[in-house]
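As structure tokens, here come the structures.
Shared between the two complexes below is subunit A, which has subunit B as its partner in the first and subunit C in the second.
Entry: the complex of A and B
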């Protein structure tokens, strides 16, 4: 209309363009390092928020990450080296035939609601996993228990229907969490356990605060005021660390920023081990992945080292199957499906699946979006046209892909410890792998001697790999960046749990 | 940018600017028009070229070539997947223009007839249309696109349609206010006296006379759509990977700002050029078309 309006429009345009640039430039903050957090408080940055706090009904590793070992405890726990350690059970004895476990429980343990922890609570907790109240698929880990009885307040006897090499280890994960008989009414928001912390508040979409218990039975933690802040974006969490808003980023999801922190004395950078496998899941029940040749073609089409390098800045390890090297039955299967696009094309031709078009449901997690782009590019080279469909994580992905198995291909970080059987020895799982070949082998291995367990499980894992049930792209590193003054960081993610009680400030 | 949305006063007739300004503007060559058209021309040419040729395949990842600084082989460097940034920026212009065309197209096809109808049929029908328009106007286009993305699944098509629907009110308002002016002219009275049908009047007299305003609005909204698509893609709600999109390139460059800033600069500049181009073009066109509107009165 007139010159003034034009100038305004021009200014608006410039401002809009600048805003776009500024939006992306917000990570360019200077490093201040450190923060003025009081010595009994810590703020930890995480990505991937829990839907609620009830892992008995809701899937997703974000829940046990917060509550296991912190709010809930088990009879046993898994230490940072992946070894079994006593927790609520002082000691235990196993009968000669391997079916009867006698646990001696700690005395004077109380739940955060004031109730005493006794063998009756342990019986209740074990039976609850087997009941209909427990909906999470991991409940099958408790199937082997025939009975649990409270011999006295501190003596618990668990009888298994057959010997099991896996059961006691599983009791160290969240399946073995001990609940109070009177404290399971509101697990989603008010978890009640015997652990050193209680959940003080849960602000959905933002943060969870935990408070240390002064009536904890064990050694009380140094840091009693814990805030877990959830970031939608990995870069935002590292920015918060730089600006001093948070003290630690656990399971850091922006590996390309690691270098900057490594060269900065104000921070410490730890590359912890993990049990997390990046799993390129294929729905074995639906076309085209109901054909083993198509699945094998995908295995040959993917250059896993290239995926690690491009998507995760080289952090990560090729493992070839869903068994990390820290597991007793690990075997290097990385040579089974070398990168061989020619072979992939042959297999696709054999299956009559040239010019394949598939949908690739990608959860909105940093590792998933990064991995998906390079996977799509590699699949395109063998003639598979994968179109990416973004699935909001956790809610949409858990519902659509995980629960309804309404997908063809997806990618997810599977963080549960020793989860190869949970993933593949269950035809109703979202992978839909036909486990008829392995089901009996699994039971035989589990009830055998420790040596038979190892060899039997290796055979099971080989069978799963031969069937190309899904593609394990790489073992995920647990990258931790923290204030340099923070000690006692449990950087090895051996179970889902982020163990908080050892944290302390060095000055 | 918002002038057309806000201009109509209570009667819907824009306040005419002083004629002296118009004369002065008319005498000067439309420098904005030239710059705007040049920038848009640049984007359009790049888009056309990228249809048949880019230096590298913008979607092929080459792990060995990741994060290379700009060089003779890769003018704008390579991204974290080893893709050529120049190729991606070139190919990204296709999506940008496509989203702009479709979004503006939807808004014109729906908004302009509604606006003309509301202008010609004042009274209950006109009120109904314009109040519906106001309701739609209450939802920001981006919000609408996010809602659409949640309901129908995020993607380019959803973004285009949502942005198109979000732009309807702007066009309806412009068309209505223009129509109101035209309906008061002698030749419309003459056409009515000659018993021409309403449809014929709309087609023969109203539409040609408001087309200038519509074109200006198109240009402005094109710029808005480009920016909105970039914003949506930045948030992961627009164009899905691996199809190159400027907004997503910006988003992916975030963690590299401290070390590989060229990854953000290239798509950022591209967005700035496109948005600036469309806005300058809109301003330039406005200066050209406004005096004509006045001489028609």
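Entry: the complex of A and C
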């Protein structure tokens, strides 16, 4: 080999290296905007990125968080106080027997693809939930609908197979989203709805951008350029907020980091409410929790306020049952099981369950790990030795705990709206609560007058609590930190969606 | 050259086959059903069955593997379980991000490590050389995410000189692209610089004891000039080796820095895909990594032959 070959080899190496660099140079990744935010733009930091935007075939709260009320709208919507409000329906009338709903729809509403929204689209959307096109299990909320018919372009008649108080509320969640008949081809990336925004881009692993529509039927939002950025790490999101890269962190998952913002005038800190309950679940079908006394002992053994203080820096509210205060049938049951370790020990002795050893499956989520340690120490006080077993979330936890119910105790944040029945009125659910006492009562309440609905549901919830089916540790707060100049933040996460249209910058 | 290429290709195919078969089986032994992860807590058995039929996860393992390999041969990574999108553009995008990050970090590391390492070696008996060596020793021990967190705290949050993270494509805005890369490249590159400094130092120390260097000095060259003219090339072989090893490790290891700085790279995609049980995405990423590591090894081999003519005959 001579000097020339060596030079050629050198040239080959250089060329190969250059090729690698050239490959990288073109359009790697994509931008994420937002340093100095103009008055019609906002950058919001979130946790938990949606994998796609199609909630009809994919589960996960992150999807409706982005698209509901922003891209899609329903006939009705749920406001910040948890009350039902008209949206695409101007008004509605319910027949005497509570089974026929006549909706008067807004005129001149268009989808973002230019098509008119008519009663035919509403029929299409309702029937689509009942068809095989919907895989998401929330579709069962539409089971009660017997038929939907377009009386005219603006008149919709829905007939239920039995009266239902829950149905109209459910229509305010993503089950009731209105789709265009011609706009369901690419729901995963190109959702088409009647809302004030359209999805402009979706860069996985980084951000979603929404643009305001100038042909929106309602009041056009002030902020028309919205960027949602996703942070796997809470510290990274607060750093981005501090350095001015983003304007708001919504649903913050690290309460320990809130303190630094509370003392800073440049930021506002809001503790909104939510529909999420931290549920300490006990498997009612297996020992030792098949004994109601053992479950009640757990209820007495746990000092919930201490759990809130230790695990979530004091943010969160004791609610006593799986019903948040924004629901119509809320009742304060926090006194039913006061913190009383002595009583817990008595109940355990009565059940012959002293010196218990149990396994505690803890999903790999910040709130779960934080809660589990204090719960274990409080259980130890009354003689229950709980050993923590970490379950990868979602994959392993869903498989082992949720699907196979192969567990004794676990803890999870249950985020769905009005989920007390889904959780306890189904003996096959992973909680395994024997619902024979409540099943008939539930149907009666749902079919009754609104007053009967409230009193009936309160009765049901009290029964569930008396049986100590599981322990609701606290209502999860929706922590928001934002630039002090940002107004109109919808901090109450009472529906799945992060409502953007009210946001505005004060000068 | 042709034979070398052919053997590299054979090696590539064999490694790819073993690696993909391994990862394929391991992913399916791992608990967690992709259908349940995709459809979540409300899914009905019918919906799960429908999902499995749609994505073919109800077929036999052997059939699934063959179908996947068939796609791979045609350059088709398949469709993601969770996004329902074609995987190829996503992975090409993420690979570019990681290559830029890792490539620039390594470049920075070399620019720092080669002169420092040489200096540390030449002055190994002086206090300055000992100090340099000590600093690099500390640098090796510091995890790169800690460097990243500190850099963000000081230069993004406190001083506000650089953004705390995020990624901008070079084609969109070259200036912003560069600004956002500064901190992550320093975080990833500085620890590598410390590691490589130690290798350069020991390689140069070794060379300095060689007869040919004494001869060069006897001809009247200074210590530095002799080292540059005659020593560097010889010291290069062990340094190139460690650069190759480190590059391969950084392709995935950079995930920590990607998380700190919210950079959408290959490592982040791998972690997310495992979490979502997006098995086809995981397989595709592993295949790409195998390809990249083998490419790096190939380049390292080439570099050897450039640096040391004696190695060409052996090959």
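Note that the second predicted complex is superposed on the first by the 363 of 507 C-alpha atoms of A that agree within 3 Å, B and C clash if a C-alpha of one lies under 4 Å from a C-alpha of the other, contacts with A are read in each partner's own complex, and residues count from 1 in each chain.
Operating definition for what follows: contacts are C-beta pairs under 8 Å (C-beta built on N, C-alpha and C of every residue); 3 or more make two chains touch, one makes a residue touch a chain.
The structure displayed is predicted, hence computed values, not measured ones.
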| item | value |
| --- | --- |
| Contacts of A:374 with subunit B and subunit C, given as first, second, both or neither | first |
| Partner chain(s) touched by A:389 [first = subunit B, second = subunit C, both, neither] | first |
| Partner chain(s) touched by A:254 [first = subunit B, second = subunit C, both, neither] | first |
| First, second, both or neither for A:310, with subunit B first and subunit C second | first |
| Touching partner for A:138 - first (subunit B), second (subunit C), both, neither | second |
| Which superposed partner A:349 touches (first subunit B, second subunit C, both, neither) | neither |
| Subunit B versus subunit C as contact partner of A:235, first or second or both or neither | both |
| Contacts of A:146 with subunit B and subunit C, given as first, second, both or neither | neither |
| Overlap of subunit C and subunit B interfaces on subunit A (superposed complexes) | 1, 6, 9-10, 12-13, 16-17, 20-21, 23-25, 27-28, 233, 235, 392 |
| Complex contacts: residues of subunit A adjacent to subunit C | 1, 6, 9-10, 12-13, 16-17, 20-21, 23-32, 35, 49, 51-52, 54, 57-60, 132, 135-138, 140, 188-189, 203-206, 229, 231-233, 235-236, 239-240, 242-245, 392, 394-396, 398-400, 402-403, 422 |
| Parts of subunit C lying in touch with subunit A, wherever the complex brings them together | 30-33, 36-44, 47, 50-51, 82-85, 90, 93-97, 99-100, 103, 149, 152-153, 156-157, 160, 163-173, 176, 259-264, 268-269, 272, 275-278, 295, 298-299, 302-303, 305-306, 309, 312 |
| Residues of subunit A defined as touching subunit B within the complex | 1-3, 5-6, 8-10, 12-14, 16-18, 20-21, 23-25, 27-28, 233-235, 238, 254, 256-257, 259-260, 303, 305-307, 309-311, 313, 364, 369-370, 372-374, 376-378, 380-381, 387-390, 392 |
| Subunit B - residues contacting subunit A, complex | 1, 3, 17, 21-22, 25, 32, 59-61, 63, 66, 80-82, 150, 153-155, 220, 223, 227, 230-231, 234, 236-237, 240-242, 247, 250-251, 253-259, 264, 268, 271-272, 275-276, 279-280, 282-283, 286-287, 290 |
